[in-house]
Amino acid sequence: MTNNWMRRQRLLGYLFIGPSMLGVLLFFLIPAAYSFGLMFTNYKFMSPNVEFVGLDNIIRLLKDEMFYLSLKNTFYFLLAVPVSIVLGFLAAVVLNQKIYLKKLLRGLYFMPYITSGVAVAFVWMLLFHPTQGPINGLLRSIGIDDPPGWLSTTTSSMVAIDIIWIWFMLGYNMIIYLAALQEVSPELLEAAKMDGARPGQILRKIIWPLVSPTTFLLLITGLIMTIKTFGIIQAVTQGGPGNSTTILSLYVYQNAFRYYDMGYASTISWALFILILLITLAQWVGQKRWVHY
Amino acid sequence: MRKKGWFTGMASLILVMGVLAGCSGGGNNGSNGDGSNAGSEASPSAGAPAASGDPVKLTMWGGVPPEAGPQAVVDAWNKEHPDIQVEYVRYVNDDEGNLKLDTAMMTGQDVDLFVNYTSSQATKRVEAGLALDLGTFGDYNIDEKMGPDAKGWQINGKYYGLPTTKSAYFVALNKDALDAAGLPVPKDWTWDELREYAKQLKAGGGYGFIQNLEPFVDPIDSVLTKDGYTKADGTSNLDHPLVKKWLETLNAMMEEDKSTPPLGEQLTSKMPVEQEFLSGKVPMLNIGAWLLRSSNNFTDFPRDFKIAFAPVPRLTDNADEYVARGGIGDYISINAKSKNQAAAWEFLKWYADGGMAPMAAGGRLPASKDADQDAALNSLLGDKADTYDKESMMYVLFDNRTPTFVRSLDQEVVDLRSQEYEKYFLGAQSVDETLAAMVARHNEYLKQTK
Amino acid sequence: MELRKRLTSEAPKKLLVTLIMLLLAIVMIIPFLWMISTSLKTPAQVFEYPIRWIPANPTWEHHVKVWTGPKSFGTYYWNSLKIAVIGMAGATFLSAFAAYGFARIEFKGRNALFMLYLSMMMIPPQVLFVPKFLMFEWAGIYNTHLALILPGLFTIFGVFMLRQFFLSIPNEITESAFIDGAGHFRIFFRLILPLAKPALATLAIIDFSWQWNDYENALVFLIDEELYTVPLGLQNFILENTVDYNGMMAAASAGIMPMIAVFAIGQRYIIQGLTNSAVKG
């Protein structure tokens, strides 16, 4: 048990993280640096001319109406996150009570989260069929003669996408809340009940603040995850109709692989990064102020 | 014990390193192949065809499914030419498919011949130095063989490919329905006239007219190819009065007449227009020659009426000003990096001058004046000749002398235009807002690419 | 006595809440039910309303078409399975390896490196698409399964999650072994890995589901149909059979079933793992 041996053991740390580090280097760091560099070029795939263009791409981005539109669409898409959090919370509170079939119910609510987004997106596409789909069939049968066109109009397409996304995320949020609710002491709730607090009050004034760290975490991770997604939109609407569902991540994809505009695509993707960075910073700052322990 | 732990750890580490090293090693090969063709990827038959006894192997990339003609073409050639064997590779002609073809060529994989379907894609490939100037061969007069329509395919005044196919666009008509309504088959008509037809032909709750989305926007391109996509001062011409007329006419057909499906519904339900037409539900369909692929297939598309053909209607009142999309297409290029250019050229000439006849079954007639049109037409109609109105078909395919154009517009502009008119047809903005938005975005694009 | 009283007074309420939640749960899984039901119908029955959940004359022909047609899902399954299994195994092992380094060995620059790891989680995949495309194209692995498998071997989330778990293992367990002369490798393989089995299982299942469901990377890096994974194959099937709603739903069922099976078997691990990583993370 020499010091030498100890030191060697300590150096083993590099060996342990080495393989993983290599992967991070090859598939994260180098591509990220590469992408950062591309931002300052006019590189178009296949084009023989590559020039350093300085800040041109960034200036173009700031003037690009499509960028602002897809930013706006991204925000509409993100609205699904708080809604799915609130619904997930309510589901968790009810499931946390004494009820039968708890495990089965938990599994059923969670099922959308585990299935392939794309496969399910196609099912929703048919459910939302404007004239013949079952959703509008139901709406008509309960007396709504002019149901929304869902994915077929520019005004309702994002709502439809949001509904799919809420449905997808709800189960996950619920599961996490269920775990958080285990930490809420039953005595506290019992005491509140004794004091004559109504169930709605208990929910809003006691339980909701108590799980606020979880809410905050779900909000941040949910937002970041949603910002990164474009698969279901690409599968269902390809950003249309018009450009009503073109979100930033999809706009990156289109610029890169439809227009071959690699330099500009990189620029947009870094705007996406800044968005995520801002949300992460909000986490750091907000955690202290917003979360009640 | 301890040894074993070490062993497992090291083994897995080495494995990972090996995999990664293998990956970067492959990289070097790839980059060599990219720059020159002398890399290790050269096929054994790389030399001149005459020099070695091995047959030259050519690879041709096209977007038509092999069973719709190309396989028969290639088989016929291979039988006659044991020294030059051609393999057909299909790529789907969409974003991903074109990306696949482009990366295959950029990375120096074996692509000897490739078919371009739009002029803007061909131009990109020419700029990347991937297409050979066919003028260098000097033994085939493209203008003379293919006629005046070929000019539209020149890039910088040169032919970097051979347009091989008569590409006809037309409105397919349910002759029985027209006869019942007492309407003649038009040989020259305007969109206003088509609108009247659609109104009279729509039966009950059904539609009178339906469009394949590929030629959907052609009326605008017809106008703007003639009058210019930009005005004299270099700004966008997308607010041309006839563009407005096109928007308003179609919108009226969707909203007032309800004689054509609203675009939103068509898009989201991915409406199968060929089926709607061939099943007799909708009597008029704006489409191109590829309709024949389905209309000859009675197993999947049983049909009990005769199909007649009309040219695509014009927006302008003056017939002399009209240019129609079509003419010739399937622009086949030889990869400038191919090692078998001479052999590829032999094949290409044979293909254009009649070798492509089996393609007719899928609606692709040869454009060359030296090809046997009757044989091609027979293959086109097969045993279904009786189910077409021969006279109007001949007119649309051969006798119509309207000048033609090839759309050559950047994908970015095609997209921004379709995004804006979709918003209009879906009722999200007025016609003037639409035109203004198109012009503004087009101008921005023009500035960007200047 | 009191217990019985409580039971009788609470049972109806409990039943009612259960029923309501069950009803809502059924609403949640209606898309799946509709999918399966439609896949067994004839084209004419697809949009009949009111919906007939159990088709009048169920037919298996659409499922047969999906599995035996010219573009059989068999190939897609094999591809997905290959990518997901190799990726899962590699990612789990490499994550455990790295997580051990971060959690239990003190070395210079450890914290800085870990921060670097965490910051990589903020980089959206879109930033990496273009350079990865260009790099893979250059390296000759674009449009091969390696383009998915190699990056799939590395998951930052996995390192993060397992590090949390390893930190929660009491130091005494390893310290005594260390004093007995066992090196890190031996401790890792003999002590930590067996202890971490549940966490490893969780990561493996979650990683498998990510890789199986991954559509975006496959979309960007695979082109050849023979290489397609299930989500791409599904999309392809749908593009080529726009009319065939029954076939579409049969194909969607084929895409979803394996995940439902994995979930049914590994539900405990999935839920535990997600909960742990979220609450403690």
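For reference, chains read A, B and C in written order, and residue numbers begin at 1 within each chain.
Keep this in mind: contacts are C-beta pairs under 8 Å (C-beta built on N, C-alpha and C of every residue); 3 or more make two chains touch, one makes a residue touch a chain.
Since the structure is predicted, the reported quantities are computational estimates derived from the model, not experimental observations.
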Which of B-C and A-C has more C-beta contact pairs: A-C
Distance-maximising chain from subunit A - centres being C-alpha averages: B
Where subunit A and subunit B are represented by their mean Cα positions, the distance between them in whole Å: 38
Rounded Å distance, subunit A centre to subunit C centre (Cα mean): 16
Centroid spacing, where centroids are CA-atom means, of subunit B and subunit C in whole angstrom: 39
Two or more partner chains touched - positions in subunit B: 9, 12, 16, 20, 96, 99, 106
Set of subunit A residues in contact with two or more other chains: 15, 19, 26, 45, 129, 132, 257
Residues of subunit C whose C-beta touches two or more other chains: 94, 97, 150, 153, 183, 185, 188, 219
Interface residues, subunit B side, partner subunit C - complex: 1-2, 4-6, 8-9, 12, 16, 19-20, 23-24, 26-27, 29-31, 34, 96-97, 99-100, 103, 106-107, 270, 272, 275
Touching residues on subunit C, where the partner in the complex is subunit B: 90, 93-94, 97, 137-143, 146, 150, 153, 182-183, 185-186, 188-190, 219, 223-224, 242-243
Contact footprint of subunit A on subunit B as seen in their complex: 9, 12-13, 16-17, 20, 95-96, 99, 102, 106, 124-125, 127-130, 262-265, 267-269, 411-412, 415, 419-420, 422-423, 426-428, 440-441, 444, 448
Residue ranges of subunit A touching subunit B (in the complex, touch as defined): 15, 18-19, 22, 26, 45-48, 60, 63-66, 125, 128-132, 149-155, 237, 240-244, 257-260
Subunit A-facing residues of subunit C, complex: 10, 14-15, 17-18, 20-22, 24-26, 28-29, 31-32, 34-35, 38, 46-47, 49-51, 94-95, 97-98, 100-102, 105-107, 110, 113, 116-117, 120, 122-135, 150-151, 153-154, 156, 159, 178-179, 181, 183-185, 188, 209, 212-213, 215-216, 219-220, 230-231, 234-235, 238, 245, 248-249, 251-252, 255-256, 259-260, 262-264, 267, 270-271, 274-275, 278-279, 281
